[in-house]
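Per-chain residue numbering starts at 1, and chain names A, B, C and D are given in the order in which the chains are listed.
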Amino acid sequence: MQKQMKPEEAIQKIQSGHTLMVGGFGLVGAPLTLIDELTRHDVNQLTVISNNLGEAGKGLGILLRQGKIKKAIGSYFTSNREVGDFYNQGKLEIQLMPQGTMSESIRAGGAGIGGYFTKTSAGTELAKGKETREINGELYVLENPLKANVALVKAAKADTLGNLVYYKTARNFNPLMATAADFVIAEVDEIVEAGELSPEEIVTPHLFVDAIVQSQLILSKEGVVSK
Amino acid sequence: MQKQMKPEEAIQKIQSGHTLMVGGFGLVGAPLTLIDELTRHDVNQLTVISNNLGEAGKGLGILLRQGKIKKAIGSYFTSNREVGDFYNQGKLEIQLMPQGTMSESIRAGGAGIGGYFTKTSAGTELAKGKETREINGELYVLENPLKANVALVKAAKADTLGNLVYYKTARNFNPLMATAADFVIAEVDEIVEAGELSPEEIVTPHLFVDAIVQSQLILSKEGVVSK
Amino acid sequence: MTNKDIQELIAKRAAAELKPNSVVNLGIGIPTLIAKYVEPGSVFFHTENGMLGVEELTSEEDLDPSLVNAGKLPISEGIGASYFNSAESFAMIRGGHVNVAILGALQVDQEGYIANWAIPGKNIMGVGGAMDLLSGAGKVIVTTNHTSKNSESKIVAKCSYPITSLRKVDVIITELAVFKIEDGKLVLKELMPGVSLDEVKEKTEASFEISEEIIVLR
Amino acid sequence: MTNKDIQELIAKRAAAELKPNSVVNLGIGIPTLIAKYVEPGSVFFHTENGMLGVEELTSEEDLDPSLVNAGKLPISEGIGASYFNSAESFAMIRGGHVNVAILGALQVDQEGYIANWAIPGKNIMGVGGAMDLLSGAGKVIVTTNHTSKNSESKIVAKCSYPITSLRKVDVIITELAVFKIEDGKLVLKELMPGVSLDEVKEKTEASFEISEEIIVLR
């Protein structure tokens, strides 16, 4: 099975109205090439699940300016002040989640879990309208799984089968999102032959990955640069 | 912090009435040295969470014969026919769980999840008495987390801080159980200096591990042998 | 035919169900015989104890006691294989990432329900991964002898043994026939070599429809 | 004192709370200043974006743009460090495997409730890992300026901002004093160097008890 694709080819899987997951903690571990490609792809009404929405006019922030995003699900939008502006103008829906609940919900989506109880957010504004339950004397909130049509993830290396390994804190949400979407596109800095990755070090087994794209934009000390 | 201990020293953490987790899929990845040590440790009324209860007179099967086990929680006891005999004589309580539910419940115990919904076992005898709920048109069962006082796990290597890596299918339940007990004893074939394991390949970070024990019994082609 | 011949016949037919590049979980019993009928590398075998990329062990010398499948039988490691813990393994299964599960059965009924984990009157002592596989696998193929040792049909009107899941199976392969469950009904699709329709009718307790395009294997 | 001096003073005092070998998560702001007051290797720093074994970046040359803490600031990798995904990282936090969390605050009240993620009237746009850390950390230490920029007490009778958790904090460290929450009550334990009890009383909206063994730092 040929999983290697060009960015513009892989991105065709994204359609208007889709829910997308996009890996990364800020720009660290974000699939920069795929996000860039997405700015040239004619879609709208997207729901984007990502920890942040980039920065003002950068990364996912460009998609926001382009009016392609209908709803953002994440834990920390403060790094892009335009998010608040779009929200106040009624141009953007926001679903704010505690970061641990967001990551657990993505895992649940990928693992076929129908919902789970967590203490996180119990008794706070973020639990409003959610089912709560006392378990062993403490209050828990029922949280739902998160799934997506397409996930855009970033890894350090892929083999030709689609096995992935990550690099340092660029790992973050990527291995989780790779489990929770119908179609998973992995942007990687290096593609090696099957068998070159150690079976013990593979973090994302290939059954989760549908397409592999070579990165063209990377995060350097000087910011985002072409490779 | 000195985590390295002798087996007889580490095993003192186990007291009568405790709930224990014991890693391994059959004998593969089972902490054979610690189990052997436990046969010489004077405790009883144990609840043992382990996929199997060894074989007749082997591994955890010895503890069963010694009458130390009050209750067994696992997915597949058929490999030790004495389990049925003890159960019929009222000498043993059994809690049978689907293997995926057992592993997910151990993960939940370690991850602070208060309970979760799974389709697995819904509508079957194993779901009797459990809360069920329809989610998106399908029936789910609420399952509880599993925790233990002490976990006995097996890894291939530890560094002196307690970081662990595993070997092939001997990994199985071990990394999960290492997260879900108050005191975690890791039996390993090799102990290396901190810094010798690659940060990317560490499967169990050291914060989960309380004691490290050098293995004395190992599984070979010829069965269980002294090292 | 010896029982061994019967099992190999069923396994070979089951192998033909597997599409290239699919991820396949093989249960204990007949399913473990299937791998050798599949071109190496054409499908990826998953075992629920924590590995993707299972291959047949071809030499006793390569036997590694810490490398086993769900039946605790020694296996070997294919190119591109990976290891993961039990929760991750069942997350793959429950989450719908395993395309096909091939399982044995005690009974399968005409609605597609399977019973393969407990016998009434005996202690219920083992379930393993059966319920999880039924919950999550994309397609479930049952490979089973058509009749029990007591010559009773295993393809029954309604399971009398405890069922494994509310999810129904998709394909049933025996030494006599291949059935599919279509719109909640059991449909006879193929007759195995040398088997007559009358023989299948005689040895099958379940009601079934007969496909208009029934295939008679040679 | 400049605000920078104040923050360093608080950070230094907070460092003294850390027992050897404990696993510590540092929040954004003042907490990020704490690591340099801790002997390297004596405690293990955890960052919720997926790493155990965080160390201070000591040289710009070693800066790796893909190696950052929860504040997206560059860090370096200590001996015995490890990486994991966000769900595993928060499983450590929620599951009680992180001994200490040190966090900033907008308000802390006399019962020990903390508000540190949202300001009424402003859009609620960020929460990050704050709620998870409150839910799961073994001990929660708050490091904060005693008063806001408008000279209002941040140690209040009752939080007027949305609280972060039903879980109460354990220790509050400001440039004026150290408080602990004991039996649900705020207790003044220490006066920072050169600070009088009167000054603390004046600048603290919350009611508090005074420890019989109050420590006056020099």
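As a working rule, a contact is a pair of C-beta atoms (placed from the backbone, for glycine too) under 8 Å apart; a residue touches a chain by one contact, two chains touch by 3 or more.
Just so it is clear, the model here is predicted, and its values are computed rather than measured.
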item: Chains in simultaneous contact with subunit B and subunit D; value: A
item: Chain pair with the higher count of C-beta pairs in contact (A-D, A-C); value: A-D
item: Between subunit C and subunit A, distance of the C-alpha-averaged centres to the nearest whole Å; value: 36
item: CA centroid of subunit C to CA centroid of subunit D, Å; value: 55
item: Rounded Å distance between subunit A and subunit B, as computed from the means of their C-alpha atoms; value: 33
item: Geometric centre distance via CA averages, subunit D-subunit A, whole Å; value: 29
item: Numbers and ranges of subunit C residues touching at least 2 other chains; value: 77, 83-84, 90-91, 93-94, 135-136
item: Overlap residues in subunit B, where contacts from two or more other chains coincide; value: 104, 107, 111-113, 118-119, 166-168, 199-200
item: Touching pairs among all chains present in the structure; value: A-B, A-C, A-D, B-C, B-D
item: Subunit D partner contacts - residues on subunit B that touch it in the complex; value: 1, 107, 109-113, 159, 161, 163, 179-180, 194-195, 197, 199-200, 202, 205-208
item: Touch list for subunit B against partner subunit A, complex; value: 104, 108, 111-119, 133, 135-136, 138, 140, 165-168, 198-201
item: Residues of subunit A touching subunit D in the complex; value: 25-26, 28-29, 51, 75-79, 83-84, 87-88, 94, 96-104, 106-107, 118-126, 139, 166-176, 203, 219-221
item: Contact footprint of subunit A on subunit C as seen in their complex; value: 20-21, 23, 44, 46, 52-53, 77, 79-84, 90-98, 135-136
item: Residues of subunit D that touch subunit A when the two form their complex; value: 47-51, 63-69, 72, 77, 83-87, 89-91, 93-94, 118, 123-132, 135-136, 162-167
